[in-house]
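Structures incoming, each one as structure tokens.
Below are two complexes that have chain A in common, paired first with chain B and then with chain C.
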Partner chain A sequence: MLAIIKRDFRSYFNSPIAYVLIGLFICIMSLFFVDSLNAGIASFTTNFISSMSYLLLFIVPILTMRSFAEDKKSGTEVLLMTSPVRVYQVVLGKYLAATAVFLVMAVVSLVFPLVLLIYGKPDGATLFSSYLGFVLLGMVFISVGIFASSLTENQIVAAIISFVSLFALTSISFIGNYVGGFVGKVLDQLSFIERYYEFYYGIIDITSIIFMLSFAAVFVFLTVRILERKRWSQG
Partner chain B sequence: MIEIKNLTKDYGKVKAIEDVSFTVEKGEIVGFLGPNGAGKSTTMNIITGFISSTSGTVRVAGHDILENPVEVKKHIGYLPEQPPLYQDMTVSEFLDFCASLKKVAPREWKSQKKDIMELVKVTHVSHRLIKNLSKGYKQRVGLAQALVGSPEVLILDEPTVGLDPKQIIEIRRLIKALGKNHTIILSTHILPEVSAICDRVIIINKGRIVAIDTPENLSRKLSDFSRFTITVAGPQKKVREILQGVEGVKDVEVSSTFNEDEASYIVEADKDIDVRKPIFNKLAAAGYPILELRSMNLSLEEVFLQLTTTEAKEVV
Partner chain C sequence: MKIRDFFSKKSVRYESYSLVITTVVIAVIVLVNVVIGMSGISKYVRFDITENKIFSISQQSIDLLKSLEKDVEIFILSPENSYTNLTVTEIIDQYVRNGNGKIIGPRYVDLDKDPTFISKNFDPDRVAGINAGDIIVRCGKNLRVLNNSDFMEISYDYYGGASVTGLKVEQAFTSAIKSVTAEKVNTVYFVSGHGEYGVDDLSQIKSSLSLNNYEIKETTLTAPVPEDADVLFFPSPTNDLLGSELENLKRYLENGGDAIFLFDVQGSLQDLSNFNEVFSAYNLQLNYDLVNEFTQANYLKENWMIRPMVYMSDVTKNLNPDQLFIYLPMSRSVSVLNVKKQNLEVSLLFGTTDNSTSIDLNAGIQRFGPFYLGALSQLEIGSANHSRIALIGNCTFITDEYTSELGSNGSRYIISILNWMQERKDEVMIPAKSIETPPLNMTQQSRILVFILLIAVIPIIIIGTGLFVWIRRKNL
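On to the complex of A and B.
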């Protein structure tokens, strides 16, 4: 598994994709940064971190699109699947590699709070919980992206599938509010974005952490099933 | 070493392979021969655990592929039709990756890597990116990948496809050399390849096994006629007449004429009747000496054509 993490992580940085994504992310975030500063320090974290997470909606599909799709296309999937490793180790390896790239991005983006800490007095606790929420949200998004990538051998299709699913998943609570009643309540409970909001209001709820990690685990598990199903397929 | 029983794989209503059974002994080189789409790759993908069969069992080194896939995969090195290479890695990096994927002990790996790279002759390109290598070198790196961890069984799917003649000869020689320490199954649709390297041939057509035998036996068994070349000194017309008059002879053709009084003929005769003695006697009686008489077994090429164009039921 470690071998796969290492290989995939390096492959992200061997191609321009990791640099372009991180660069793009930082670039756009600095625009938001200036904008959020104008809105005042009080609402800074709320504004800033929430825009950061919306940007993830675009960044993550591009990050994860090649994960399995490329292996399928180039035939290296055969190598992974016929090596003495279990399918879940392959999936987890690829998932953790993408997460590692995402963490690099998150660490680079710490430059913004750092500027704040030097020139102002932001609420450290809120900042911390927001970042924790951001990282958890990223992990959820990546699991969906990896899942989408396992469905197809075309990277563009993978990116579009993951973007659409992420968009739908983040809109669940809006739909829930709109529908109302029992269905609305269920959808509301399922919405990880609701959970995520809590983090940037400074609430670290252990159930929310577990919820988001389980959400990611479910999609990792589904990816394993997809790859195994392919082995068994009759068509 | 490898036991395959009643393997069947359905794709919807299409049967990719049906009731395929064979065993491969330790140290054998077995050729898997069949036209495109016969089910060679499907069978190989099932043996290596990449896809699963609809029914039937695969056992490698005593382990069942479904019950104990990791153990089976440890014993197998697989070169699929399209060599599985990460284009953005160097040859050396890629082999290191394969070694850690196959859990080769790092101490062992250092010397093994050197041996493998020398064996398949990629040492001098080890620091080049795989995407910049030629087709022939990519194939060799693919072969190197299968050798990582020195598995007992090698499964090679069309290892010489797309190579130039010189490379083909090299790869064949290499496979033959590997056969001393490994059990090898290789698939091909090129006939000379089989007779050049394999101990046994499995011929497969439309998903079913049509014949399993040594290349020599196959060509002997399959000839419906026994065929001879015979060179006789004597006028062609008369010699032909005499030959055709022998009981059991079906056909006589002049294959080459040396001079007016000397020519070679191809004689096709019933398999069950030995026509050599009567031919000799009759020609001797007529005063036309036989200069040469040689039996011609069918070349494997013809065997293959026969096998795949007719239902050769008696063969199996």
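On to the complex of A and C.
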């Protein structure tokens, strides 16, 4: 599995895709970081935090769309599927590789809190929890992206499925508020965006961490099932 | 036979197996999350890591909750999904968690769906003017209504712009719980009829008193002081008491009543001899002057904006030492009379340094300090009763305008004086939690440089590196 992680991680950085995504992420987030600079406050604004999550809606589908489609295109899919490694190891390897690229992006984006630390005395604990929420959200998004990538051979279609799914998932709380009642309550419980904001406000809830990790686990598991099925049907 | 053939097919068996496995795994994961969500475990594994512990309650509140003997209900007049004040809901959760089952709720009430809820469940007179989004804390027949303004500490800049600088959510709930569970709530009567400050000028001090479990009412002294009055509050009278008013006041004080007198410097000379007659019984005297302070550490910009020396007393010993400083704008002095009385105890509150002067507004004579700007006096009445008064040569410091500009320490003193008068020895004031964000110390130039670095330099370096790697690999 380690070999798959290494191979996929390298392939991201051997093409311009990871660099372009990270560069664009920093560039766009800088536009929202201006709010803090202009207001002269050593903390992230709500606008900045929400933009971070919404930007992931676009970045993650592009990051993950090639996970399985690329192997189909280059012909390495057959090698992977017929190799002694098990399907869950393949999926987990690809998931962790994409997560590693995302973590590199998160580390580079630490330049924003660094500016706050140099020029002010921000609440370090709240910055930490904001980032913890961001990383967990990224892990959830990537699991959905990987799952979408396993559904189709076309990278663009995979990206669109991924984007639409993520958009629907992030809108759950809005739908919940609109529907109300028991269904609304259930939808509210399923909303990871609400939980993400709690991290930003400085609340670390272990159940939220479990929820987000299990959400990611469900989609990784579904991806394994999809590939198992393909492997079986191809004999 | 056909059905058996169908299910004996390898593909169907695999698909069924796959479906079962998938369903079971997802069901287990969902179940684990539902159980965790429903079990209330979440309340015990949530950590407030904010610097000022905005979402946590203090030990004082926890101690109060432990001592609760009656059930307290909390109603939020809003649909649950629409109520988005995270701080309030988190704090209520903490009260419920620490309340040993005595804090019930919160119960969300959608007034659009249940418009008669209030009239059916509460005394309409006590919830007059209630709005959607307000919160009701109830214990038996006692109730307290809280709204957003009770949860916020608001400051105003010199141009009148308001900003929220602190949160008083815990203060509001602890006070409300104390209030609704108390056998008796102390009543403070604001006296009017002598040119005192109006309600509009004193809304913040009134809010602070309410939050600290004092009921506020208004009265004139034309009739005897109401029997439920625990303290009379005089917010800077400018005219003297009439003869009948003096008698009513004296009778009240002789029966063990307490009073707080705050007097600003008078614009025009008015005889306040009836007031001084009351004060003289307590060995105190109000002077007709304006005090100026010349020791640099004891004034702010102007000599009349005095930061007084604070004397240790029963009032100040309960205050947080970090919050003792106070500014008194344009003050008059208070004298302690040198008349020996065995049943009287005077203690000082505020004073100026040696390097201060006062101008007598009657005679125009300048006197030299130090001066007293506030004092407390206790007169024993019989063996078991006493009357306490506080006399301060300033009232501006508790008006909304000055509280907003110069901080709320003034109201802390007033509450501490009231607590001393009512002998609330266990009273601990819960300070507002600051939500002011730390500033960025950046020049305009460094701001522009940082912005360029972030929006252009770093992204270009990253993307450039990517292109370099890609082109190099392409040409290998």
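In this text, the second predicted complex is superposed on the first by the 224 of 235 C-alpha atoms of A that agree within 3 Å, B and C clash if a C-alpha of one lies under 4 Å from a C-alpha of the other, contacts with A are read in each partner's own complex, and residues count from 1 in each chain.
Following the convention adopted for this analysis, a residue touches a chain if its C-beta (ideal position, glycine included) is under 8 Å from a C-beta of that chain, and two chains touch if they have at least 3 such contacts.
All values reported here derive from a predicted model rather than from experimental measurement.
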item: Partners on chain A (chain B, chain C) - clash or fit; value: fit
item: Spatial angle chain C-chain A-chain B, Cα centroids [nearest 10 degrees]; value: 170
item: Contacts of A:G202 with chain B and chain C, given as first, second, both or neither; value: second
item: Partner chain in contact with A:L79 - chain B first, chain C second, else both or neither; value: first
item: Which of chain B and chain C A:A69 touches, first, second, both or neither; value: neither
item: Chain B versus chain C as contact partner of A:R229, first or second or both or neither; value: second
item: Touching partner for A:S15 - first (chain B), second (chain C), both, neither; value: both
item: Per-residue touch tally on chain A - higher for chain B or for chain C; value: C
item: First, second, both or neither for A:N177, with chain B first and chain C second; value: second
item: Chain B versus chain C as contact partner of A:I146, first or second or both or neither; value: neither
item: Smallest separation in angstrom, by C-alpha atoms, between chain B and chain C in the superposition; value: 5
item: Footprint overlap on chain A, where chain B in one structure and chain C in the other make contact; value: 14-15, 232-233
item: Touching residues on chain A, where the partner in the complex is chain B; value: 2-4, 6-7, 11, 14-15, 74-86, 230-235
item: Contacting residues of chain B [partner chain A, same complex]; value: 10-12, 45, 48-52, 54, 70-71, 73-74, 76, 78, 80, 82-89, 97-98, 100-103, 145
item: Chain A contact footprint on chain C (complex, rising order); value: 11, 14-15, 18, 21-22, 25-26, 29, 32-33, 36-37, 41-42, 45-51, 54-55, 79-82, 86, 90, 437-442, 446-447, 450-451, 454-456, 458-460, 462-463, 465-467, 469-470, 473
item: Residues of chain A that touch chain C when the two form their complex; value: 13-20, 22-24, 26-27, 30-31, 33-34, 36-38, 40-43, 108, 111-112, 115-116, 119-123, 125-126, 128-129, 176-177, 180, 184-185, 188-189, 197-198, 201-207, 210-211, 214, 217-218, 221-222, 225, 228-229, 232-233
